[in-house]
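In the two assemblies presented below, chain A is common to both, partnered first by chain B and then by chain C.
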Partner chain A sequence: MHKYLGNKRAIAVFTLPALILFTVVVFYPIVQVFYRSFFDWDGLGQATFVGFGNYEKMFFKDRVFRTALFNGFIFALMLVCIQIPLGTLLAFSLTDLAMRGKRFLRISYFVPMVLSVTVVCQLWLSIYNAEYGLLNKLFEALGIPYRQDWLTNPKTAIYAVAFVNAWHYMGYHFALVLAAVKSVPEQFFEAAKIDGAGRWRTHFRITVPLLAETYKFCLVLAITGGLNAFAQMFIMTGGGPGTATYTLTYLMYRSAFRLNEFGYGCAAAALLVLECLIVTILINRFVARERIVY
Partner chain B sequence: MLARLRKWQIHWKIFLWAYAFFSFYPIIWMIFYSFKNNNEIFVTNPFGFPTKLRFENYVHAWNSFNVPVYFKNSVIVTIATVIGTVALSVMFSYAAARMNWRLKDVARIYIVTGMFIPVQVIMIPLAILVRDFGLSNSLLALIIPYVAFNLSFCTMVFYGFFRSIPFELEESACIDGASVYQAFFRIILPIIRPAVATVIIFVSLMAWNEFTMALMLITKEELKTLPLGILFFQGAFTTDWGAMGAVMTIASLPTLFVYILFSEKVEQALTVSSAVKG
Partner chain C sequence: MKRALSILLVVALVFLSAACGGGNNAANGGTQGTDSGSSSMNNAGEDTAQNGAGQQQEKIKLRIYAQYADDDTRTPYDYAVAELAKAYPHVELELEVQAQDDGQKLKTLAATGNLPDIFQSNMDIIATFRESNNIMILDDYVDILGFKSKMHQSAMNTLYADDGHVYAFPYAGNELVLWYYNKELFEKYNVKVPETYDELKEAVRIFNANGITPLALFAKEKWPDIALFDIFATRINPRGILAMDLDGEKADQFKPAADMIVELVKEGLLPKGAINLNYDQAQSLFFEEKAAMFINGQWEIAASTEALGDKVDWMFYPAATKEDYEKFKYAFSGGGGPSGYSVNPNSEHLETAIEVAAFLSLKYAEYKYTHRGNPIVATATDKEIVVPYPPMMEKLAEVIPNITSTTAFAWGLSNTKFKAALEDAAQMLMTGAYDGDQFVQDVNFGLEQ
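And now, the complex of A and B:
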């Protein structure tokens, strides 16, 4: 039996393909990102070592960088403030209420998740459209003389774009919270009921703390998702108007794939990795430090 | 007291239905306008069901641009990614979960860490890698990275599943004189079918919808997948919303159908990752 499960050749056959592929496609590039961020490199020719030159340029000379950094935070904040509370409210009230059509409701909340980001963004482009869009048509139908072109206004563009992302992935947070609520043993709620606690009191005092692990995951997901945002800007605004909706990933994309400044792009990517790492560590440090086992 | 409770419940029910409408209606609206002409979308009937189902929008969209090519590419990429990912991760997690070797935990954690790496971050080196390996001229430029990126998630799912099966299975296979490969294919694979279903759903949705990697790794028109292809209608179809809606609906129908048919399985597949990440 030992010989059977310790068969060296079989182990090699089973594990090497995955290990090699992962190392070459995922691990090696991440090392490269950090290494290349210290070089001035156009992606083809000889790279010259510049030390922290790229980072210096980014922090002190590139005016877009500050917008990009700030937009990442706005994006993350929007996602956290919309998706998590909304997902929580919907999941809690759906579990509490006895009503018809629960299955339909659940499907409706989740369904945007299965669409491609391109479809969602195109769809919202036509919803936001200044002349014919659904939103402005709606205002018109309600008799409100209010027309807006949210995406071409530098002040509102980033919020409008972040909102689309929030709409798209809200169902994910909803489903996570719902699954977690269902796994909480019934006696917790019964005990609270006997003690005379109201519905929402029960939820805020008992359910939310019990779901700390789930919320930790939601937070990491929403914040890193916001910091990494790229596709929405690329499709809906192209980083514009001007540079108003640049994010770090967009900065990286433009530097590497448009301006051939690969070293500089890698520096932006490296900064992004650090940002996400710090956020994940902070959340793990301060939220839900003890695992709850029922 | 009861009356107050009723009222309270009604408020929440309204809230639940209102958000459902807000979440669902834009998609319905898109499908509606894919059957309308501009006059109907802009002026006569912007919100409701089309007065006449104009299938010619679909015919026009399908024929006038590369939609069939994009569709075919998306199908190929999705199928190849699913097969590649399932094969590699089943084999790897079997060895990591049930066989005896020294570094098995290190190897597993190494692969699962991939879940924490945002795709966008490594795009520059990955694009150079794809170029240097000469993959730019084939769909492998997408399939290989997709497989590599999905390994982490799938390994995690299969590993959990393999740990929950009794070890006596292999013991009896061993006594009966089967080789490790025979035991793997004849006994283990049939048992893990539910986990395979979860993984297939997750990976195929990801591969069908993926945009960022496709954008940075694919430059040739004839290799574009649907999410990437749709982008270029933006310019071409600005004046023809109906056809644009038709292309978007074509790209979304496969995933929508899968979701409506297996909704619970899909929700489970997409949320199962929460067990480890975070």
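And now, the complex of A and C:
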């Protein structure tokens, strides 16, 4: 093995197919997106070079862009605040509690992940239904006068949609945290127990710090997932009411396919790529910098 | 070692090139029509010769991208295809059902060189495709094929685009937005059919008090939102949304219309969550008599008559005052524009595709006229009406000669940026959490783009 790893040509040969595939499928399209973002182009006809015109329009003239950018951050924040803490809580409870049916619970927490996004959205559309929805009925049953038109109210719609995404993919974060918790050597917990630390103290002082790298990965997934979100808006609200649930991806879709401004859509996509890249770099720079080895 | 690595590299490259090769083959297969476009006129000549001979004709397969969603689109299409099989037995159609996606799929097909031979177009598609030579100019063919002579004079606006060219063989005439209502529910709750906004508000109040949804609107689709706004706008200016789309006017004059809609929505005009209501849900509310009123095009007449019988009727749009009601009574929302079956100029069988497109349009209109009780079609037919007009259509047929103006449906707007801004702003009106000033600001912003 060492013989192969020392051979640079062997490394090149083994990595080349994947590298070529990555370049063709990922890198080249991204370069194309950046290139096209400098053109006024309807996606079909002749393109006209406009330099940074699309970006200038986006930052200084397009009010929908501000809404989309803000919604992206809200979405990402919602995912971070719901998926990671909830995933952690469920993973910890499953490792701590000595009870029957743990296997069933583990599968149940992960089940939403395997459902198609369309099924999940349809399910939540009925839960959010203002007249007959489960959520409002629940408030009614509890005697709480808090019936809401969740997806029609421009102020709550983005939170309602983001929650659906958070619920849908929470199982993934749960699985990641659970796997990481199980990989922590038992002696750490035993030592804590001998020192008299309680269950929560052990988790806060030992488990969570040891899972820093897992949380870094979860953070990247949650934030980029939030910034990239599209399907839920497309299925549940169509970006509405009005433009209330637009994100950068939806703006990109609208520009390219509803307004025939493919170049402008590419500018939105390019900004999204940059946004995700910056977030990933920042997280890698500031979160869990030291590699933890047990 | 080196030999082993070399073999590995070769195997990897063979796999990679095989994969890419497969993709290329698929792409080539898909773009065959476009690739052979350079020789399309030669092929077209051959096609014509073959058609002229009328014997030993080679089977021709044409791809068609058309609406095929409900009875109103499926049955005329099926009829047209059946008639085509008699008139052009050598032509076979391969249907791709049109997606309700703002033309996204069609534009993608065009961008990738996979445009079907025949496709349904509207203003947006025509405006986009003519710039990139993806739509055939049919000026000569409407005369050669005798299509123009079959057009109703009143529907000539559906044949010619704004640049004076013909890009599609239309089948729909100047269709109208109708405000349907359930007569029985109005009588049961002793509600007057509204002629003024005050009467409409009173109707909304009474229906809500009795657990009936006043108006079912499938606001998720956005075009009905624009239609509802346009109804109120035409009570101010009969040009309605066209005043902004074509006449260069701003949205300011329509602020009272926006304010009135918000006021009515706050009063409970629409069901809760209306902007997430799709066509089927809204229609069910009306057909199950849970909603007293419903807004859709006149094409809904057949289905609503079937579901509600003589309980259903349509009303003239209410206005601010009795005087305005009478003044604008015959100013209708809706209208036609250049649309219909268009042809891909790069089709391998161009001449046949053009003939077939024209034929399908004629037969589509014929079926709507003879079997769907719809006289609002683009072309005339000498066939007898098979299914008599429902009473609502008879009433409409009597009114049509008196109509003073029409506007446009959302898909008939020519300015895409204005259309998108209006769609979003009109949908916001349906939430009630918006006002006339914001509406004017947002729509004007779209107009300035």
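By definition in this document, the second predicted complex is superposed on the first by the 262 of 294 C-alpha atoms of A that agree within 3 Å, B and C clash if a C-alpha of one lies under 4 Å from a C-alpha of the other, contacts with A are read in each partner's own complex, and residues count from 1 in each chain.
Operating definition for what follows: a residue touches a chain if its C-beta (ideal position, glycine included) is under 8 Å from a C-beta of that chain, and two chains touch if they have at least 3 such contacts.
Keep in mind that what you see is a predicted model, and the values were worked out from it rather than measured.
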Chain B versus chain C as contact partner of A:Asp149, first or second or both or neither: second
First (chain B), second (chain C), both or neither touched by A:Val273: first
Chain B versus chain C as contact partner of A:Pro17, first or second or both or neither: both
Which superposed partner A:Gln122 touches (first chain B, second chain C, both, neither): first
Which superposed partner A:Gly171 touches (first chain B, second chain C, both, neither): first
Partner contacting more residues of chain A (chain B vs chain C): B
Which superposed partner A:Gly43 touches (first chain B, second chain C, both, neither): both
Chain B versus chain C as contact partner of A:Gln32, first or second or both or neither: first
Chain B versus chain C as contact partner of A:Met113, first or second or both or neither: first
Touched partner set for A:Phe257, first chain B, second chain C, both or neither: both
On chain A, positions contacted by chain B and by chain C: 10, 13, 17, 21, 24, 43, 125, 131, 257
Residues on chain A engaged by chain C in the complex (per definition of touch): 9-10, 13, 16-17, 20-21, 24, 42-45, 63, 125, 128-131, 149, 151-155, 236-244, 254, 257-260
Of chain A, residues touching chain B in the complex: 1-2, 4-8, 10-11, 13-15, 17-19, 21-22, 24-30, 32-33, 36, 43, 86, 89-90, 93-94, 96-97, 99, 103-119, 122-127, 131-132, 134, 137, 141, 167, 170-172, 175-176, 179, 213-214, 216-217, 219-221, 224, 228, 230-231, 234-235, 249, 252-253, 256-257, 262, 265-266, 269, 272-273, 276, 280, 283-284
Chain A partner contacts - residues on chain B that touch it in the complex: 9, 12-13, 15-17, 19-21, 23-24, 26-27, 29-30, 33, 41-42, 46-47, 88-89, 91-92, 94-96, 98-101, 107, 110-111, 114, 116-118, 120-129, 144-145, 147-149, 151-152, 155, 170-171, 174, 180-181, 205, 208-212, 215-216, 226-228, 230-231, 234, 241, 244, 248, 251-252, 255-256, 258-260, 263, 266-267, 270-271, 274, 277-278
Touching residues (chain side chain C, partner chain A) in the complex: 5, 8-9, 12-13, 15-16, 20, 101-104, 107, 110-111, 124, 128-129, 131-132, 134, 220, 222, 271-276, 416-417, 420, 424-425, 427-428, 430-431, 433-434, 442, 445
